[in-house]
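Beneath this line is the structure, given in structure tokens, with notes to follow.
By written order: A, B, C and D. Residues from 1 in each chain.
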Amino acid sequence: MKRIAVLTTGGDAPGMNPAIRAVVRYGIVKKLEVMGVFRGWWGLINEELKVLNHRSVSGIISQGGTILKTGRCPEFQTEAGQERAFNTLKKFAIDGLIVIGGNGSFAGAHKFGNKYNVPCIGIAASIDNDINGIDYTIGADTAINTALNAIDNIRDTATSMERIFVVEVMGRDCGFIALAVGLAGGCEDVFIPEKPFDLESSCHDIVHGNMIGKVSWIIVVAEGAGHAEDIARKITEITSLETRAVTLGHIQRGGRPTAFSRDLALNLGKAAVDCLLKGEKDKAVGLSSGKIAVVDFETAIKKKELKVEGLYSLIKTLT
Amino acid sequence: MKRIAVLTTGGDAPGMNPAIRAVVRYGIVKKLEVMGVFRGWWGLINEELKVLNHRSVSGIISQGGTILKTGRCPEFQTEAGQERAFNTLKKFAIDGLIVIGGNGSFAGAHKFGNKYNVPCIGIAASIDNDINGIDYTIGADTAINTALNAIDNIRDTATSMERIFVVEVMGRDCGFIALAVGLAGGCEDVFIPEKPFDLESSCHDIVHGNMIGKVSWIIVVAEGAGHAEDIARKITEITSLETRAVTLGHIQRGGRPTAFSRDLALNLGKAAVDCLLKGEKDKAVGLSSGKIAVVDFETAIKKKELKVEGLYSLIKTLT
Amino acid sequence: MKRIAVLTTGGDAPGMNPAIRAVVRYGIVKKLEVMGVFRGWWGLINEELKVLNHRSVSGIISQGGTILKTGRCPEFQTEAGQERAFNTLKKFAIDGLIVIGGNGSFAGAHKFGNKYNVPCIGIAASIDNDINGIDYTIGADTAINTALNAIDNIRDTATSMERIFVVEVMGRDCGFIALAVGLAGGCEDVFIPEKPFDLESSCHDIVHGNMIGKVSWIIVVAEGAGHAEDIARKITEITSLETRAVTLGHIQRGGRPTAFSRDLALNLGKAAVDCLLKGEKDKAVGLSSGKIAVVDFETAIKKKELKVEGLYSLIKTLT
Amino acid sequence: MKRIAVLTTGGDAPGMNPAIRAVVRYGIVKKLEVMGVFRGWWGLINEELKVLNHRSVSGIISQGGTILKTGRCPEFQTEAGQERAFNTLKKFAIDGLIVIGGNGSFAGAHKFGNKYNVPCIGIAASIDNDINGIDYTIGADTAINTALNAIDNIRDTATSMERIFVVEVMGRDCGFIALAVGLAGGCEDVFIPEKPFDLESSCHDIVHGNMIGKVSWIIVVAEGAGHAEDIARKITEITSLETRAVTLGHIQRGGRPTAFSRDLALNLGKAAVDCLLKGEKDKAVGLSSGKIAVVDFETAIKKKELKVEGLYSLIKTLT
């Protein structure tokens, strides 16, 4: 192994930059040449890549987003696109590929790596934290703290104006952020994709609470479980109480990575290079049970079954 | 003047708590008894008020929202409601009233104070910064910084994914926040109520920029100028480029007040008490030309004419 | 078990308040009466305690410090002091005690609990993260992020003015914060109590780097490994280069707890109550391998042997 | 005027980067060529400068420090140094110079500009806010908020552990930051260079307060008025109460600029270019009475007489 490439794909996550930094600098120490591919798979298909040196990654450790850019690439779903991507790897004599992204990215790397026999190692980076076999992905901790700051702000108004707020957070398939934020924010209820919720019964609680003097609520909803606007409207219909909806949206995606996201990213960057050097392939690295873990792509891309009962019942118990 | 009352009305703004702190503690030093009225005019109508002492306002200087709570009160629009509010003032021998809020609150205090001959002094607090004759209200600086943090986050994704974002900020009648944030965030365009905008022409700029390599945009829109979702959709229709919409909403309302919002609030709290002690009434205090200013309610409640050309053209020049 | 008490002792850590919230509210749900003891052991000796209800802990989830206050208590080291503390427990019919604090606090609880046969459960809260058998204590993540923010700020000046900075962070016996921050901050070196350091050799690196164009450095030092002022002065003596020293000090102790610190605190609060209900005693709860763990006090109060080589060499590799 | 140069000197201040951005981009729009000089006067003496284009200043609006670097330059104090600096200006056909910095920088530009007849315009940037004739410099608002965050953190511990803290903030000749932070932080006392303080009398207040139940204090001291360590030790000597000292130091210098610091910087960058275009020289731009003001260097470099009585007595009244 003499030359490797690194790319970021899918939605950006805070900590991708420190991960790139670790891949480049650790790779160089290990006598590898490291090329950065721009715009994810697109850059591989279109030969947009360049050698990165020690200086290329200076000062990026504290920056959100990704200096390599990212994006979705439908062309990579096609045979022709994959062929061109592989030709780029051959042309530039790239012996291994590090893919920083989420489970969609891993699914692509899994297929591509096996088909063309390219050693691919994934680094788990996704604010949704929805990768199977992995407890924490790069970016999740930052996104949770960003959402929590927003909810702390909203709490000021909820308390001062005695209002019911429905706050939508990231999480298409996964209630991880919603649960973490709902617990840390002292929120009154959390609606997640993993657990059917009964709006009638929640409204009953609100009306009952209202009668005994509880006048402000924050209900967190993961985007995969419904839209804040819809839920707020329905609560008003059922309870006749005023509600407000807030969709946090893209503010959760960017921002300076937290210490946790950075330290994880730096450790995973090193781990991914080590995997390639050991001849491993078709695997992803992430945090599992408090340690760096290596997981088969095949496992990682399965649907994550988040255990939600414990956290959910803690949230309901403590409000 | 022996006993005064203080209340917060309208939307909450970060810095209302330090203002309450200053009214209470400075009032006490000036040998006044200070009563806090809860839930704005509602508390005056329903006799929900109590004497506040030095300790009542301990530890609130750094908190968003308002410990006195706030809200809109339709009942105060009626003759009967005002009558009851006045009776409460009489019953509790309250000689003067300090109203912390925005121009809606001042309009109410103006009418009420003149009708019942109650000395009312307003403290300008509004995240929209839309009070005529006043350059800065309590809360505006905090709201601007909260919105700016959000936009810095969004910039990470806009750059990494090369996307066009439309971000909606507070400002129903006033583009102040949008201009301040648009400038500080290095945003590419700003749509505000004070200035008609030409979406076709903006889209032309985007398409042109896109051709010469500019791939990310953040367009700030004040809520009074349109909705992020609508504008984003129209841009996509016209340019065929992908867009994302983010509505910052209520996160701009709460949060720890900045130093500027706190120092302003504390100075205005003192100034309002001084006004009452000097026998002034029907006036509001705020910051004007860098100094504490006293403005007639009649002036304050007029529509503010924000001079936007200078700032707007600076924004367009620097992007 | 009908009535339990909770206290916070030792240095305050961000997350103690959410831990108190969980103990109180979960305890109530489990049909316990929960008393809050003020000022740590001092309050037990001097009968300063009161019943806490659901409302007593409203709004504290986002606040640093501890509403129960804390402090060191030399009197509790004496036989007489312990006797009085025990009498208070008897007098108020308290069946179990939850002690939120660090290893000093646990050592006290261990002795006291065994001597008087009082079920004591510790909740690991310490910004130093120095409790044996436990990977993460309440407050460590917050303290690390606070220190990291400070270091990001200092980086701006170090780069702009091309200076060498020595930054002292918390950690009397333990380099945990220093390593976490040094890695996440992209710092050039880290001096910790667990590892002898060779200032001459570090200075050699600096002089060498300086010759090849590296002009700014941040060296993190754990307080247990030396003082920033001293180290900075010595570096200047050896290298003749200008240095600056910064001691972060108490700013690392307070502040809004992060999501991680809050969620951990809430889970540990529940876990501690569960321990008492199950009849456990003489144990502490904390996070170990990503899960809530219960550790004997005897283990917890032993000196923690932090494995530093991996992290340290990663830091040196990546700079 | 065809070509101008811009440099940053003295201590860095958050907002210097947006100021550079505005000088460059506004200059280009005005058909000027703009050169950036590195490391302040040093770069002028040593011909370290280059043309900056629109892209050179991309993405710096949110970054602390200065991309042009800064530093003190003793060589520029000498005749020979100034001669070389002037030769560089001649060699590169630079018609005007914009100096971003504090009053030391302005003193240098004043002498140099007059001696060699070079149009020099200063942009007031200094976290100390100590420039005469100017109410707000670039960076002051950011530094104040950074110090305030630190003090909010310290308040958590001061309250929880019932301690007396002495916190040293920036301000060698000027108590501006100390007063702004002391007021916004609800601090109990503030020691500044502009006002002699009586430690005995402060200690008397502390002892008296202590007797009636006030158990925590934060005293802010501007570095020009004394050192936190010394003052804390003396308070302990006089009162026998435990104290803690914290010196905030360089963390106040860096960090993301606030909206206020950015918007001011962008406006001043434009104003400085406009000054040069209008043929003005030997002047500085800053904020005065809420508006952009142009002040003679001769005025700007005089000692600023801060009016402290009003703010100081407000602080003492409100605690």
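Assume a contact is a pair of C-beta atoms (placed from the backbone, for glycine too) under 8 Å apart; a residue touches a chain by one contact, two chains touch by 3 or more.
Model, not experiment: these values are computed from the prediction.
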Chains contacting each of subunit B and subunit D, listed by label: none
Farthest-lying chain, centroid of Cα atoms versus that of subunit D: A
Where subunit A and subunit D are represented by their mean Cα positions, the distance between them in whole Å: 39
Averaged-CA centre spacing for the pair subunit D and subunit C, given as whole angstrom: 35
Cα-centroid distance, subunit A relative to subunit C, in whole angstrom: 28
Multi-chain contact sites of subunit C, meaning residues that touch two or more partners: 152, 155, 159
Full enumeration of touching chain pairs: A-B, A-C, B-D, C-D
Subunit D-facing residues of subunit C, complex: 8, 11-12, 14, 16, 39, 63-66, 69-71, 146, 149-150, 152-157, 159-162, 165, 244-255
Contact set on subunit B toward subunit D in their complex: 18, 21-22, 25-26, 29, 59, 61-62, 135, 141, 144-145, 148, 152, 155, 159, 180-181, 183-186, 256, 258-260, 262-263, 266-267, 270, 287-291, 314, 317-319
